[in-house]
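Each chain gets a letter, A, B, C and D, in the order it is written, and its residues are counted from 1.
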Amino acid sequence: MLPWSAELAGRLDHHVVDSALLRGNPLGDPHERPLLVYTPPGYDDEPDRRYPALYVLLGYTGHVAMWLNRAPFRQPFPELADAVFTRADVPPAIVVYVDAWTSLGGSQYLDSPGTGPYHSYLRDEIVPWVDEHYRTIPDRDHRAITGKSSGGYGAMVSAMLAPDVFGALATHAGDALFDVGVRRSFPELARRLRNMYDGSYDKFLADFRGRPAGTKEGDLELLEIYAYAAAYSADEDGTVRLPFDDTGAVVPEVWRRWQALDPVVMAGEPRNAEALRSMRAIWVDAGDRDEYFLDFGAVAFHRAVRAAGVPDERVHFELFDAGHGAIEYRYPLALAWLAHRLS
Amino acid sequence: MLPWSAELAGRLDHHVVDSALLRGNPLGDPHERPLLVYTPPGYDDEPDRRYPALYVLLGYTGHVAMWLNRAPFRQPFPELADAVFTRADVPPAIVVYVDAWTSLGGSQYLDSPGTGPYHSYLRDEIVPWVDEHYRTIPDRDHRAITGKSSGGYGAMVSAMLAPDVFGALATHAGDALFDVGVRRSFPELARRLRNMYDGSYDKFLADFRGRPAGTKEGDLELLEIYAYAAAYSADEDGTVRLPFDDTGAVVPEVWRRWQALDPVVMAGEPRNAEALRSMRAIWVDAGDRDEYFLDFGAVAFHRAVRAAGVPDERVHFELFDAGHGAIEYRYPLALAWLAHRLS
Amino acid sequence: MLPWSAELAGRLDHHVVDSALLRGNPLGDPHERPLLVYTPPGYDDEPDRRYPALYVLLGYTGHVAMWLNRAPFRQPFPELADAVFTRADVPPAIVVYVDAWTSLGGSQYLDSPGTGPYHSYLRDEIVPWVDEHYRTIPDRDHRAITGKSSGGYGAMVSAMLAPDVFGALATHAGDALFDVGVRRSFPELARRLRNMYDGSYDKFLADFRGRPAGTKEGDLELLEIYAYAAAYSADEDGTVRLPFDDTGAVVPEVWRRWQALDPVVMAGEPRNAEALRSMRAIWVDAGDRDEYFLDFGAVAFHRAVRAAGVPDERVHFELFDAGHGAIEYRYPLALAWLAHRLS
Amino acid sequence: MLPWSAELAGRLDHHVVDSALLRGNPLGDPHERPLLVYTPPGYDDEPDRRYPALYVLLGYTGHVAMWLNRAPFRQPFPELADAVFTRADVPPAIVVYVDAWTSLGGSQYLDSPGTGPYHSYLRDEIVPWVDEHYRTIPDRDHRAITGKSSGGYGAMVSAMLAPDVFGALATHAGDALFDVGVRRSFPELARRLRNMYDGSYDKFLADFRGRPAGTKEGDLELLEIYAYAAAYSADEDGTVRLPFDDTGAVVPEVWRRWQALDPVVMAGEPRNAEALRSMRAIWVDAGDRDEYFLDFGAVAFHRAVRAAGVPDERVHFELFDAGHGAIEYRYPLALAWLAHRLS
């Protein structure tokens, strides 16, 4: 009963998938991963029917069990998603909640020697596993990938890196236009490191791990950029290269590696532009007061999508009145739109 | 497996208690209430052993299912509490997670015509239910009550109102010294009401309920004070009397009702002072940068406790370096301390 | 030439007045005081004509030489005032810029054993001096007093304390409704004192005076309340009584002294209500985002003015879209309005 | 008498210099410019003695009359400077207060088709004028140039552009390392323009000029960047090229023009490096909490100075505990140091 729980019209299955790819990952994170799979109302009544699949990714610091967290006066997204599929006007779909957490807070859904092969794990293990265990329509034209913040990033890059796997995407305030957004945070971080940790990330990490998380100012901000660096600019041996120096300035050779993984920049590569052109549906939105300036990331990715030659009728773009937080009410809008587009 | 879940050394049982007292409550909130009861390691192995019981209350906006929410890099409190009871030096105890949520976000654990008889429900229904279903030591000398923020408030007032039921308490940043803390927020709220809702709480509430919560600035702040007014200053017919007028000034006759329920003021009443003197253990702490100035509430309540004649050796008082948030690492400290004191 | 200077159409005379009353004042501040007197265009051409006089007071930290400070893209108020009197539709008036600075930053234009007899100095020395040296219409019906912030406070209280001297007033964001405005700042200050100065104002003052002002957070906020206490609640021997204790709570017996000097409270006294009723013109305004919540002070003083029986046609009340700062463009509006009312 | 005024031990002369170079400047700003020249105690007693000259520049929005502004509890810099030269241990010097204000708020002390030839005016008109009218030691080895913020910028670039004129410099929180500091502000500005002015600087400027300055959020921030663009990236015909686009991203071809005028970048040019090596003294400091991150600008400029081959003994570098404001107590430290170095 609300607010403590809600009966779903559909069904949410809890699984654990043993990932061969994540075995021995550089951070020593678990290779057995939780996976939530939602089947819409009626799934069990029509045993021959097959469904599109919508893959949902989490933002930075998120792991899949956090989808079940309950917030004041709002319902968890899986319940909002369930409500979408009780509407007569929305075609049913399977929703897959993917976990790509790392002990640094996230993987950006990429393959990296700093964190592990999370892109491959999603593409080569999770998707086949779902197709095997659920009555999906097992082709890219009936798979979409969505997410918010780093999850929106994951949606953009997964679609570009694996257009054979995903045929549609939605990004809500997804990380993009690094030069405008994330770069802005470097001077603050360089100052914190200098003033609190002798300029050393190692000192910060040692301190952070030796006490309750979040008890010093800047904890999560410092960790976040480290996690991104582990995803974007780790060397083959796992060494994490930081994108800024002790004056907060970008380190050019590292920054180039970050930029090569900026969805806006990626979309300019012919191969990725072709991938975007192959998408059946692309949803891009963000709050116009986003604290990380991801509204500009959305604008720029939208432009890149158009520049890639994606016809306007396949694209939904929107800036709405909000910041970065408390926008999970946006996800069901994209979910319903994608369900239509994939059906 | 962490971070998604944790095996407990003890056991956490999920119950639903049907409250006769909450039937027909004025807000129309459910009378069937979830209850979590934790039994320590060894509970099942010693079927004749009885245990002290520690009742834990939530802060404003919290309901009992939110104890299971998972946060980045930190474990939920029930897992921290479990860890306490795996330590050889801590005597075992039963931990009871009480739900007193309302659709306004909370009840302050009081009986009120604005919300319902939540104090009576705790005292006359929950405690007896626990004593019936678990091997507690069923007397006030072996029951403590604890909580943070509004939960700390609940701990202070429950112990004073029902010293026959609770013999110890812990309050972390508990609501107290209303004249210094909560009163400070009224001018901001009066301004928001004037500038956004024509000065009308009814307009705010109608607007708030008609859209996703938290999408306008000040949503939770406005609701919070309304919820407190429903708990502190509702008339017999349920009419909620607001403590401030359209200039942000306190309304004296309403404010007197609030102050009569300020733990610092209550502690000055002979009956309550006697109740406090009867406590076997009192823990009071707060962060010294608490955004709601509840460090001053803690200081003032501590002074009131001493003024009531409670011997120092039964009291633990501490200000620590923190704000109001991310302080759940403090709760296990009080839990272990109380477990000792009650054993 | 602008922006460095401006030719005035009228004349601004610089004087020094030797105040007998301020000799030996408790803070050891100078008894020779600067005074600026402005005569409107035409003053010298009509040697028999007499003019109303508008007295202008400064806010906290202000002294009369600061009227000449130049700000980016804006002109100093004396130049704006001069422009008012170049308009054909505004009757000419003399404008008097009064200095009541103290080494604590201000005197609130009151007589106090903590600072000195600044009200008497204005009433019994400055006004007669001006009447003697300038062709004023030397009666209360042709004198107004105006100011912003603490200067607005000074205007309100001077008019109530000396209705035989002033017959009109204007207050822009004047200090009023202490219970809502200034009281709100006490918890912050108590915390600063505790965390930075062992809870001691003496330590703060010693530290403050031993280094460049403003180089520690909270410098001016701490000094400001001390200055107000010196004005509102100093004992006969000059001892300054603080209005809050070490928990940020008001000290009742001191707070009563402050409240007795709150313009809103004062206006409820029969003698002061009568003084207000005798005013020919009362202007009250404030920005509706005033950081000190002086918009509520304005609302409350306006209500008190009406409750005192002042007819609406003698009153101008307005909230405008602004905070507390950068509102000197409001002063000329009141100046022109008062010039009309007094002519 | 303090706080209203102070007797100087030396003499501060007010002049107006008619600049041929500034005649017909593109903004239509005055070509007659105020100039303040300070002569130290004893100047008139030793009619044959000659003195080093220290040129002082203002920050953005500053014009020379603002040096005389009085602040609460602090003295204007010319009085602090005078106090320096009353000390027996400081060699006397002439101090020249230069005005390079424009109606956009400043010129950055550069020659630009967007504002006017302010560098040439300083170098070719002001310095010769001073040498003609005062008993300076009229060579570059006895001239220093100093300033804070944009004035610090002016000091750095003037010394590099005119090493034949200036032989020493001091910069307090001077604009530098544009990629870290000023660039960070672009996303905020792009958002303000989009949300408030349809993305148009023209609309902003028209609106700004039609109402009291500073009455809308972001007024000065928007104007500031426009003023810098007028100084750094105006075309020959005066068209101001903005450094950021509607997503807050830098416009590469414009940004290259800005960077070419970043003191840190300039110092890497062989000609400028040689200029720096020729300096007799270089003072670089900044507050370590500078809101514009000019501490990193100071660090980077200091490194560039060393990389240019300036011997350490000629350099003073320091980060101190402060933000960007209220640091005028630092200027006399540099003044005394420079007076020694030039004597």
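In the analysis below, a contact is a pair of C-beta atoms (placed from the backbone, for glycine too) under 8 Å apart; a residue touches a chain by one contact, two chains touch by 3 or more.
None of these values were measured; they are calculated from a predicted model.
Where chain B touches chain C, over half of the residue numbers in use are shared by the two copies, so each contributes mostly the same positions. Mean C-alpha position of chain C lies 36 Å from that of chain D. Separating the CA-averaged centres of chain B and chain D is a span of 57 Å.
For the pair chain B and chain C, the distance between mean C-alpha positions equals 46 Å.
Residue positions of chain C with contacts to 2 or more other chains are absent.
Listed by label, the pairs of touching chains are A-B, A-D, B-C, C-D.
Within the complex formed with chain D, the chain C residues making contact are 1, 3-5, 30, 32, 34, 61-66, 68-70, 72-74, 99, 101, 105, 212-215, 220, 223, 322, 325-326, 329.
By the touch criterion stated above, chain A contacts chain D in their complex at residues 177, 179-181, 184, 186-187, 190-191, 194-195, 246-250, 288-289, 293, 295-296, 299-300.
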